[in-house]
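Order of writing sets the labels: A, B, C and D. Residues in every chain begin at 1.
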Amino acid sequence: MKEIILKYAVFGIYIIIFPFIYIGLINKLKNIWCGRKGAPVFQPFYDFVKLIRKTEVISSKTTYIFFFAPVASFVAVIFAALVVPGPYGISIISFDGDYIFFAYLLSLSKFVSIAGAMDTASSFEGMGAAREASFTSFVEPAYMMLLTTIVYATGFLSFQQILFVIQGSTGWSFITGAPIIVALFIMLLSEGSRIPLDDPKTHLELTMIHEVMVLDNSGMSLALINYTSGLKMCVISSIIASVLIPQETVGYRYILLFFAIIAGTALIVGVIESVFARVKMSHVPRFVFTMVSVAIFVMAISFLKIFRGVI
Amino acid sequence: MSAIAAVLIGVSLLYISTTARLESYIKMLMLQGILLFMVAAGNAHDISFTSIIIIGVETILFKSIMIPLFLLKTIRKNQIKSDVESYFSGFTSLFIVTAILTLGFLTAYLSASSNAVLEPLYFGISISAMLTGFFIIATRKKLITHIMGYMILENGIFLLSLSAAKEMPFIVNLGVSMDIFIGVFLAGIFINRIKTNFDQHDIDDISRLKD
Amino acid sequence: MYELLIYFPLLLALMSIVLRNKGFSVYVLPVWSIVQTVIIFFLVFSKFNFLYHGTEKYFAVDNLSGLFLIITGFLFIGSSFHSIDALKERNKRDSSFYTFNLLVFVFAVNALLMSKHLGLMWVFIEATTLSGAMLIYFEKKHSSIEAAWKYIFICSIGVAFAFIGIIFLSAASTHSVDLFFYEMNHNAPLMNKTWLKFGYTFALIGFGTKMGLAPVHSWLPDAHSEAVWPVSAMLSGALLNGAFLAIMKLTRITELAGIRSFSSTLLLVMGVLSVLTAAVFVQKTKNYKRLLAYSSIENMGILSLCLYAGGGALFAALIHALGHSLTKASLFLTTGNIYRRYHSKEIFNVSGLISTDRMSAIIWIVSFFCIIASPPGLLFVSEILLFKELVQKESYGLIILLFVLLAAVVYGAAFGLLKICVGEAPLNIDKTRFPLRNYIPQIIFVSAVIILGIYMPVSFKSFIDSALEVITK
Amino acid sequence: MNKIFLSVVLFSAGGLLSVILPKKISKIVSFLLIIAGSFIILLSSINYLLFSSLTGESISVIFSFPFKEVIFKIDSLSSFFILILSCGFIFNSYSAFTNSVKKKHSSRFDFFFLSIFYSAMILAVTVSHSIIFISLWEIMTLSSFALIMLNHSQIEDFPFKINYLAAMHIGMFLLLGAFLYISADTSSFILSAPHQFKGIMFILLFCGFAFKAEFVPFHPWAPHLYPEMPAHVSAAFSGFMMKLGIYGIMRTFISFGDIPLWCGYAVLGVSLATTFYGIIFAFVQRDIKRLLAYSSIENMGIIGIGIGSGIISFHYGYTTAGIFSFAGALIHALNHSIFKPLLFYSAEVVENITGTRDVEKLGGVMKYAPVAGTAFLIASLSICGIPLFAGFAGEFSIYIGLLKAIVKNPSAGNVAFSVLAVSLLALSGAIALITFAKAFSVIFLGEKRSQHKFEKESVSSYLPLITLSLISFVSGIFPQFLVKLVSRPLLDIFGMDFYASFGYISQLFKNLSFVSILLSSAILLMCLIRYLISRNKIKISDTWGCGYDKPSSRIQYTGFGFSENFSSSISGIIQQKDKKASVSGIFPREAFFAARFFDIFESKIYYPLMKYFRHALSVFSNIQRGNTQIYILYGLIFALAAVIWIIAGA
C-alpha cells in the first residue's frame, strides 16, 4: 500500500514538476552555450504562476471554444502522460491498445488547439494552425508504424508491457533500438515544436508555427498551453527512457535512470537548438517524413532479425 | 419454249444493266411479264385452269400492263428526266450483271448436281434476276429506278416460285400479287408526294431522317 | 366467331371511307376496339386450357395467338381513345382516311395472328406494311413522307425476302406442298436440311425486318418517330409482335427438323446486333420518339435472344413481349401528350414536363423504369428468366456483353427520356390538363405491367404455359 | 402481428396518405405513421439483439412464378442493420418533416418516396431470396433516385443523377450475375452458400455491393450528388443506404464460410485505398457536403478494413482478432450512421441560415447557430475517432483486431501488409483530424468571410442535433453497450465458441469506458475550474491586428490556405488546377486565384473510359445514315453471309 502511494506520488510529482524543469533545462543550456548565465531552471514555473494570476485578454470575436480549448488540450495530454510508463516503469492507466488511445489523445489536443487558434479570426493564427496541422500529420502514422513493429516483436498490446519486455524480446537489439530512438526524438521535436522544425523564440510571425497559434492567448490559457507543451515533450522523453532502460533495472535505480534520461533528452534538445538553425519552412514536411522512413527501417530490421535471424 | 423464255429473261437483265433510259426499263419490265407468263404456261402440265387464270392476271395484267403503265405515268407526271443515273458506268454494270448471271448458272449447276428439288435453269435465272434487282436498287440514284429494281426482284421471286415446281395455294398467289401491286402503287404515290411536298429540284434526296 | 375479327374491321373500314362522316370515323374506333377485345376474350377464354386447332382451314385461335390477340386488343383500345384527340383538328377526309387505314391495319394484324398458314401470314404481314405506310404518311410532312417511303420500300424488300424463304421452305418439304404450320411441324423431320436452312434464313431476315431486328431494322426509328402517336403505339406493340409470332413458329419447325443450333445462331447474331444497335443509337439520338424506337429494337433483340436460349426463356419471351407491348404503348401514347404541348420531338426543346403536365410525367417516368427492366415490372421478371437460362447454358460471354450493352441502353435512355421531365418549362407552354382519356389507357397498361411483375396469378401463368405448348408440344 | 410486416404497412400507409390526404394534414399524418413504424421496428430489433432468448420472427410470402415462396426473416445480422436503419429513419423523417414545413413548395411525393425507400430497405435486409433481394435493391435505388429528382430539378446536375442511376444499375447487374451464378450452383434462389466457392462470385458480389457502399473506385457517383440534396436525403444516403452495401458484403461473404485468403487481402486492399483516397479528397473540398461525401467514402473504407482483416484473421484461425475486426466494422457502421447524419443536419442548418455551402464564404457561424456548431464539433470529434465520442470504439476495435492478427502472424509479408494497414489507417485518421478541424474552424469559428446575411438557427432543428449529439457522446463513453449490440450477430455467425473472445472485448471496452468517464469528468472539472478562476479576470478586446489598424475579416486564413500546405505535399495524388491572374505592372489589374481539384478516378479513368466507350460505339454509329440503299445492302450482306455459311456447312 505504502509502495503504491509512493509510486503515485512520484508519478504526480513527475507530471507536475518535470514539464517546467524540462523547458527550464533547455533554456538554461542554450543560455550557457551562448555564454550567458541564463534564467533559473525553475523560471517556467514562476512564469506559470505569474500568468495564472494575470488578467486575461480575450478577443471579442471568439466563442467558448477559444476559452476552453487550452483546458481540453491540457487534460488530454495529462491523460496521455498517465498512459505512458512513468518513473517506476509502470503506467497509471494501462489496457490493451492504450498506445492507440495515447495517439488519439494527442490528436484531441491538436484538434482543440487548432480550433482555438482559428477562433480568433486572425490571419497569423490561422497560418500557424495550418502549418501545425499539416507538418505534424505524418507523425501519427509513423508513430503507429513504429509501435506496431514493437508490438509485433514483443507480442503485447499495452504500452507498459511492450516497453517492459522489449529488450528481452527477439526483435530487440541496439541496432533496432537506435533508429527507434531517432524516430521518437523526431516526434519529440515536432510535437514540442522545437528547432529544427520550429523556433519557439522567433519573433517574426511569418516564420512561426506553434508560437503563432497562441498569439492571442494570455493569462491562464497561455500558462496551460506552455505547460502542455512541456508535458508533451516529457511524455515522449519518457517513452524514450522506457525503451532505453535495461530490463533488469528496478527500484530507485530505475527512477534515477529515468529522470536522468529525461533530463538528457532535454539537454540534447538544448544542444540541438544551440547548434542548428531551423530548416526552411517548405522542408519541414520532409523532415517529419523522415520519421516514417525511420519507422520503415525499424520494421525492416526487426523482420530481418525475427524471420531470418540475422543481425 | 419455257426454257427459251427463261433464257430471254436473263438476256433482258443484261439489257437493263446497260441501258441508260427509263423507258427501256419499263419496256423490259413489260417483256419480263410476258416472258414469265410464257414460262408458267409452258410448265402447265399439272396446273388447273383457275391457276392459269390467276397466273395470267398476275403476269400479263399486273406485271406487264398496269405497273409499267403506272410507272410511265409517274415519270411523265413528275417530269422525271429519262436517263438512269447510276453510281457505276454502263460497262461496269454490264460486267457485274454478267458476273451475276454466271453466278446464277453456277448455282443452278451446283444445285442440279446435288439436289433435284428445284428446276435448275429457272433457279439460276431467278437467282440472277433477284441479285440484279438488288444491284439496280443499290447502284441507281433515282427513286423510280428503285421501284423498277424491286419489280425485277419480284420477277425473280416469281420465277423462283415456278422453279419450285410446286403449286402455291392460289389464294396466296393472288394475295402476293395484289400486295405487290398495291405496294408499287403506293410507292409511286409517294414519289408524287415527294415531288409536290419537298419543293426542291432533286426529289431523290431523302436521307434527312438519320442519327 | 373469329370471322368477326377479320371481316368486321374491313367492313367498318369500308364504311368509314364510304360515309366520309367525321363523327363516325372518330367514334367507330373506340367502340369497335372495346367490342373486339370482348370478342377476343370470349374466343380465348371459352377455349381455355386445351389446344384449339379450329374447324376452319386457314384460321384458328389457339392460346398463343390468343395472347397476342389480347395484347393487340388492349393496345387498340388505348390508341383508339387517343385517336379521338389525334383526329380532333382534322377534316373529315383525313379522319376517314385514318380510320380506314387503322382498321385495315387491325384487320391485317388480327388475321396474321390467327392464320394457320405461312403463306397467308405472309400476305397479311404485307398488308400491315401497306396500311401502316399510309398511317405513317398521315401527317403529310416532309419527314413523314420520307419515313413512309423508307418503311414501305425496306419492308417490301423484307417481305420479298420472306417470300423467297417461303419458297425455299416449300422446296424443302419433300412430301407435302402445304404451308400449314401443323403440316410443316409434322413433316419437319423429313425436310431437306439445307433447303430448310435457306428457307429459315430468308424468312428470318424477312420477318425480322418487320420485327425490327438488326441489321434490317433501319426503317423502324424513322417510321415510329414520324407516325401519329396512336399509330406508333400500334406499330411497336402489335406489329412487331406479329412478326415475332411468325419467327417463333418458324423456329419451332427448325427445332423439330433438328437444326435448332443453326436457327439459334442466327437468332443470337441478330439479337446481339439489335441490342448493340440500340445501345449505340440510344446515346446518339436527339429525338425522344426515335429513342423509344431504338428501345423497341433493343427489346426485340432480347426477344430474339430469348428464342435463342429456348427452354425456360420461351416463357420469358412471351411475358417480355406482353410487357414490352404494354409499356411501349404507354410511352408512345404519352408522347402524344408531350408533343401536343411542346410541338417538338427534340429532347432539347422539351423540358419541365413534371411542372406542365404532372400526370403525363409520372406515367412517362414509371413507364421508363418499366422499359429498362427495373423491378417491379414484368420485363424485370422476363430478363431474369432469360439470364437464368443463359447461366444454365453457361454462355457467360453473352451475359457479360448483354450487361454492358443493357447498362449503356439504360444510361442513354435515362439521359434522353428523363431529361424532358426536369428543368424549367418554356414560358409559352399551355398547362391545361387533357381529358382523362389521354391518361387512363397508359395508367392501365403500366399498372398491369407492374402488378404482373409483382404478383403473377396462377391462372395467368398457366395461360402462358398453355400458350407455350403451341410452340413446344 | 409480425413487426416487419407491421412497420412496412405503417410506412406504406404513411406514404399513401401523404399523397391522398389534403396537403395540410397529410405531412403530419404520414410523418407520425412513419415514426411509429420506425419505433416499432427499432424496439423489436434492440429487443432481439439484447435478449438472446428471443427467436427471429419470420414471414413467408408466396409469390407466384418464378419466385415461389419468399421468406422475410429477422435474424441477428439483419436486426443489427434494422437498428441502424430504423434509428436513422426517425431523425431522417423528422428532418424531412421540418424541411417540408419550412419550404412551402416542397413536393407531397417526398414522404411517398421516403416510405417506399424505407420499406424497401427494411425488406431488403430481411429477405432471404436473392432475386427478391435484387428487386428490393433496385426499388431502393429507384425511390432514392426519385427523391433526388424531386428535390432539385436543376438541369445542370442532371447528368450526375443519371450517372447515379447508371452506376446503381451496373451494380445491380453485377449482383444479378453473381446470384444467378450461385443459383446455378445451388439450384435455388435462397441466399446461401454455393457448394463450390469460385473467385468470380466473390469479385462480382464485392464489386456489386461496392457500388452501393462507395468503395473506391466505384465511388464517383456520390460526391457530385450529395451537395444538391437536402439533408434528409443525403443523410439517408450516407447514413444508412451505404450501410446496406456493408450488409450485403457481410451477409454473402459470411455465408460462403471459408473464403480464400486473397479475398481478404482484396477487401483489405480496396478498403485501405478507399480510406486514404476518401479522406485526402475530403481534405481539399470547399463545399461542405462534398467534403462530407468524401468523408463517407473514407468511413466505408474503415468498415471495409475491419471486414477484410476479419476475413484474413479467420482464415488463419486467429478468432479473437477476427472477432475484434468484425466487431469493429459493425460498431463503426453503427457509429457512422449516428455522426454522419448529425454532420449533414448541422451542415443543412448552416446552409439554411447562410444560403451557401461554400466554406470560403462562411465563418463565424457559431455565433448564429451555437447548437448546430456544437453538434458539428461533436460529430467532427466523433468522425476523427477522438476518445469520448462515438467514432473511437469502432476504429479502436479494428486496430486491436489488426494488432492481434499481427502478433500471431507467421510470415513477414503478412505482417508488413498489416503494419502498412495500421499506419495507413493512422495516416487517414491524422488527415481526417485536420480535415474536420479545418472544416469546423473555417465554418463556425472566426468571422464571416463574405457579405452574406446570416440568420439565426431555428428551434425546429434542435431535436435531431441535440439527440444525436447526446447519442454520440453516450456511445463514446459507454462503448461496452455497442459490443453488446454486435455480440449477438457475430456469435450467431461464428458460433458460440467465441463467447470467451467477447468476454475479453467487453472487458477491454469496460476499461476504456472507465478511462473515458475519468477523462470526460476531468475535462469538465477543469473547465469548471478555469471558468471559476478566470471569470472575473477577463478583458474583452479585439483580436491582435498584426500591425494593421483596421483589420478586415478578409485577412482571415481561408480553407484553401489551410489545406494548401498539406495538399501541396501530396500533390502527386491530388490533381489541382489553378486559374490565376497575378499582380503585375505599375497599375495592376484585379488579381484572382482559383483552384479546383479533380477526382482522379473520375478525370483519369471514368471520363476517358466513357469517352473510349462512346468512341467504340460511334464506330457503329455511321450505320444509320439515312440512305435507303445502304440499309438494303445491310440485309443483303447479312443474307449472303448466312448463305455462304450454310453452303460451307453443307
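As a convention for this text, a contact is a pair of C-beta atoms (placed from the backbone, for glycine too) under 8 Å apart; a residue touches a chain by one contact, two chains touch by 3 or more.
Because the structure is predicted, anything quoted here is derived from the model rather than measured.
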Between the pairs C-D and A-D, the one where more C-beta pairs touch: A-D
Centroid-based (C-alpha) most distant chain relative to chain D: B
Rounded Å distance between chain A and chain B, as computed from the means of their C-alpha atoms: 99
Separation of mean Cα positions, chain D and chain C [Å, integer]: 43
Inter-chain centre distance, chain A versus chain C - centres from mean C-alpha coordinates, in Å: 78
Between chain D and chain A, distance of the C-alpha-averaged centres to the nearest whole Å: 36
Multi-partner residues of chain B (each touching 2 or more other chains): 137, 146, 206, 208-209, 211
Per-residue overlap in chain D, given as positions that touch at least 2 other chains: 621, 624, 628, 632
Residue numbers of chain C (touch at least two other chains): 149-150, 153, 157, 194, 221, 281, 284
Full enumeration of touching chain pairs: A-D, B-C, B-D, C-D
Residue numbers on chain C that touch chain D, as the complex places them: 149-150, 153-154, 157-158, 161, 193-194, 197-198, 201-202, 205, 209, 215-216, 218-219, 221, 262, 266, 276-277, 279-281, 283-284, 351-352, 354, 365, 369, 372, 374-376, 380-381, 384-385, 387-388, 391-392, 399-400, 403, 406-408, 410-411, 414-415, 418-419, 421-424, 454-458, 460-461
Partner chain B, residues of chain C touching it in the complex: 117, 119-120, 122-123, 126-127, 129-130, 133-134, 137, 140-143, 145-150, 152-153, 156-157, 159-160, 163-164, 167, 170-172, 174, 177, 179, 192, 194-195, 221-222, 225-226, 281, 284-285, 290
Touch list for chain B against partner chain D, complex: 134, 137-139, 146, 206-211
In the complex, chain A residues that touch chain D: 52, 54-63, 65, 67-68, 70-72, 74-76, 78-79, 93, 95-97, 100-101, 103-105, 107-108, 110-111, 114-115, 117-127, 129-131, 133-145, 148-149, 151-152, 155-157, 205, 215-216, 219-220, 285, 292, 295, 299, 303, 306-307
Interfacial residue positions of chain D with respect to chain C in the complex: 63-66, 131, 134-136, 138-139, 142, 146, 149, 153-155, 158-159, 162, 165-166, 169-170, 173-174, 176-177, 180-181, 183-184, 613-614, 617-618, 620-621, 623-624, 628, 631-632, 634-635, 637-639, 642-643, 646, 649-650
